[in-house]
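Attaching a single structure in structure tokens format; questions to follow.
Chains: A, B and C, in written order; residue numbering restarts at 1 for each.
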Amino acid sequence: MNTFAAPRVPDVVMNDPPSRSARAQETLSPTPAAERLKADVRGLNFFYPQRQALKNVNLPIPERTVTALIGPSGCGKSTLLRCFNRMHDLYPGNRYEGEIILQPSGVNILSPSVDPMEMRLRTGMVFQKPNPFPKSIFENVAYGLRLRFVNQRAVLAEKVEAALRSAALWDEVKDRLSQSAFKLSGGQQQRLCVARALATDPEILLLDEPTSALDPIATSRIEDMVYALKEQVTILIVTHNMEQAARMADYTAFMYLGELVERGATAQIFQNPHNPLTEKYLTGSFG
Amino acid sequence: MTDSARIIAYRKRQDWVFSAFGIASTAVGVATLAALLITLSIEGLPWLSLHFLTSNASHNAEKAGILTALVGTLYVMVVTFVTAVPLGVAAAVYLEEYAGRNWFANFIEINISNLAGVPSITYGLMALWLFGFMFGLESTVLVGGLTLAMLVLPIIIVTTREALRSIPNSIREAAYAAGATKWQTIRYHLLPYSLGGIATGTIIAMSRAIGETAPLIVIGAAGYVTRLPPPPIGATPPFVSFDWLHASFTVLPMQMFNWTSDPDPGLQQKAAATGLVLIVLTLSVNAAAIFLRYRVRRKLKW
Amino acid sequence: MSVASAKRKITRLRPRRGDKGRRRAVREVKEWTAKGVLAAAAGSSVLITLAIAGVLLYESSKFFAEVSLGEFLLGTEWAPLFNPPSFGIWALISATLVTTTIALVVALPIGTVVAIYLSEFAPFALRETIKPSLELLSAVPTVVYGYFALAWVTPALKTFLPRLDGSNMLSAGIVMGIMIIPYVSSLSEDAMRSVPMLLREGSYALGGNKFMTAWNVVVPSALSGIGAAYILGISRAIGETMIVAVAAGNQPRFTFNPLEGAQTITAFIVAASQGDPAHGTTAYQSIFAAGLALFAMTLSFNVLGYWLRRRYHQAY
């Protein structure tokens, strides 16, 4: 069959999720409009020095949507997320196989010829725990801009304000931008980290269980904010909180033991999972 | 994207420049060590012979050797070892296993951290007054050894505590669960398990003591001794003698200092030769400690 | 069966329990003895500190009965053996300050760069080789460093500094600085490595390189640990004796010119105790007064360093 294999066309239609038609028939939820892909994970294997953590993962990421990665701890969802900005390159002995194609350029993120720094300049990431830098609130948000040699005071001020507004933090901190970021509460710190990631206009925002260290009120503020953000940016969120995935995500992918078991529109995954494993997990039989 | 390519290129160059800087800075230390060894070798190596190692000190540069200093170092180290190690280990066990978070433990904690930073010469002043004036002792092997023991005590305490701290609590709990008392737990479990760490600390402490000069000068140890202390084992009953404890002594660094300040260039070269012996001694002892620490770390994976 | 025989029978039955009780008692005595002996050993460190402070204060108090505190703290001439003697500690402090400053100018930048390099740049295997080799630098006996400064560094410096004295503070200070590098680098590196990876990842995720991450995130986070390392270095430099005694000169002189030779506080103590002054003389007491000045200087730095170390241990 090889002779018939056409070269992959970076066309949106070809990369449509397979579950699309089924979902459309069931009309479980207002489906996202026909979208273009932002990124496409194809046949991804990932190896830590001692073990394989991802096995043949395929996952399309439509542009300007929220995709949630769910699954029991240790299933590889964070590992998958960290492939997008080549975070694994920070530690020796890690190895990727397969590709993550970034659109519209069609570049394979995981190719050795792509500098990890390139991907980090184009993505933003928020971690499990807030990790503000030992700097002022303003400088925390400005850090990524300064890394990109944006140094004019006026431009910095404008972008920092915009980022803080997007992260719904501006009103709380506008009078104390020069204070240490450590003086903020945990929830505020995490929103600061979101602002820090947004300030550089990332193409993809990677959220690694961003609310796991926060109380319910702070969590709901982050959720609202992320929901609003999908107008601007493609979002990938790892969460172990299934309600959170149901509330926020357009698409949900369920992972188990390093494999991507099922991916589909969130409503379909939660109400009508195709794979019995997904159903078991969602009904709390394990995980 | 040319923009991000430019940023990446700049940042890479920045990392590269700093790396070069870091390697150069590290090289400063290594180069100094090399220059030091070369200097000592050029001056001292021609003098390094069996004769040099087995002859007594002399004002005659041709004849002078370091036998008295070598033997003196050995004797003083025995005293230091025998006093500092049990005391230091015991103190560490108390602080780590018995003392809670009370004011006494806190106080001792600050105190030890401070003692480790007290200039060595200050110990000499205290020892001079205590042993020399209070007890009326001359500067003997015993006094020298005790002075150095006080000096290295904090090192032993700190390293032993680290060794004890690295033993997981599950070991203690297992011992208690088997009905052992606290002391039995320490005696039969904690001390044996931390032996490697304690040994490493002891070696480092001894290496420090071997090279220490200032406090010994202050207590009035001689830089020039031509007679060996009496041997600890005799041919006549009671066969064992402790007279050596009360003999006057010199040690290698004292001998070196003495010759360094001598106007005779021949003796200054002997100082270099002594330095060579001293540095080989301390560096090999340290290398042993590093090796041991590496082994202990590798062996113990709790 | 008589009561007595019954009693005897009971007591005969009892021994086991009694034995157990006795064993427990023995055990308890053992426990208490062990604890007591160990506590005494821990207390000995306090005794040493008290003895040091006590001796210095006691002899100094006799010294200050003869010499005014004003002369000691403000005077710039130190000549204990002259007639009349003078006891201006600044003649010694100036040399201590000059040699310490030179040592720090060498050790702090180099030590910090080495620490950043080892903690953030060097691959694991390289770090594990370099660290112990650097620590050998602080294992070399200081009298050997003194000889090195006198016999090699001074002649080498003379080739482009012809006005350098044979004994001078410059070469002693430089060699002292190199000796101190591992103290600074090792403790700083420990502090930097205890900065959680999460913080570094925050910077890398924004596109930061190693240098920007180290400089903007790691170093500021480890600041109190680095401060503690610096302070340990300062305290070492002030208290270092043999290098300055051999190479920096033995003439008390109020000068800040590093090309000249001058006697530090520590070098004075060495030189004066070699002269074997008689107990009870002011010359003898002056050694202790100088020792007290030294002790006070290093103590204040040590306490500051301890406080800083605690702070960074608490931070993470």
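Of note:
The working rule: contacts are C-beta pairs under 8 Å (C-beta built on N, C-alpha and C of every residue); 3 or more make two chains touch, one makes a residue touch a chain.
Remember, predicted model here, so these are calculated numbers, not experimental data.
Traced through touching neighbours, the fewest hops from chain A to chain C number 1.
Overall, the chain located most centrally, as judged by its C-alpha mean against the mean of all protein C-alpha atoms, is C. Just count the C-beta contacts per chain pair and the biggest one is B-C.
Relative to the C-alpha centre of chain C, the farthest chain centre belongs to A. Centroid to centroid, with C-alpha atoms defining each point, chain A and chain C lie 51 Å apart. Taking the mean of the C-alpha atoms as each chain's centre, chain A and chain B sit 55 Å apart. Centres computed as Cα averages put chain B at a distance of 14 Å from chain C.
Residues of chain C in contact with at least two other chains: 207-209, 212.
Looking at chain B, residues 7, 11-12 sit in touch with two or more other chains. With touch defined as above, residues shared between interfaces to two or more other chains in chain A number as follows: 117, 121, 147-148. Of all residues in chain C, only 27, 30-31, 34-35, 37-39, 41-46, 48-49, 51-52, 55-56, 58-59, 109-110, 113-114, 116-118, 121-122, 130, 132-137, 139-148, 150-152, 175, 178, 181-182, 207-212, 214, 232, 235-236, 238-242, 245-246, 266, 269-270, 273-274, 276, 279, 287-288, 291, 294-295, 298-299, 301-303, 305-306, 309 touch chain B in the complex they form. Across the complex, chain C is touched by residues 85, 87, 90, 92, 117, 120-121, 123-125, 127-129, 131-135, 143-144, 147-148, 193, 196-197, 200, 206 of chain A. For chain A in complex with chain B, the touching residues are 115, 117-118, 121-122, 147-149. Within the complex formed with chain A, the residues of chain B that make contact are 4-5, 7-8, 10-12.
By the touch criterion stated above, chain C contacts chain A in their complex at residues 123-124, 196, 198-209, 212, 216-217, 220-221, 223.
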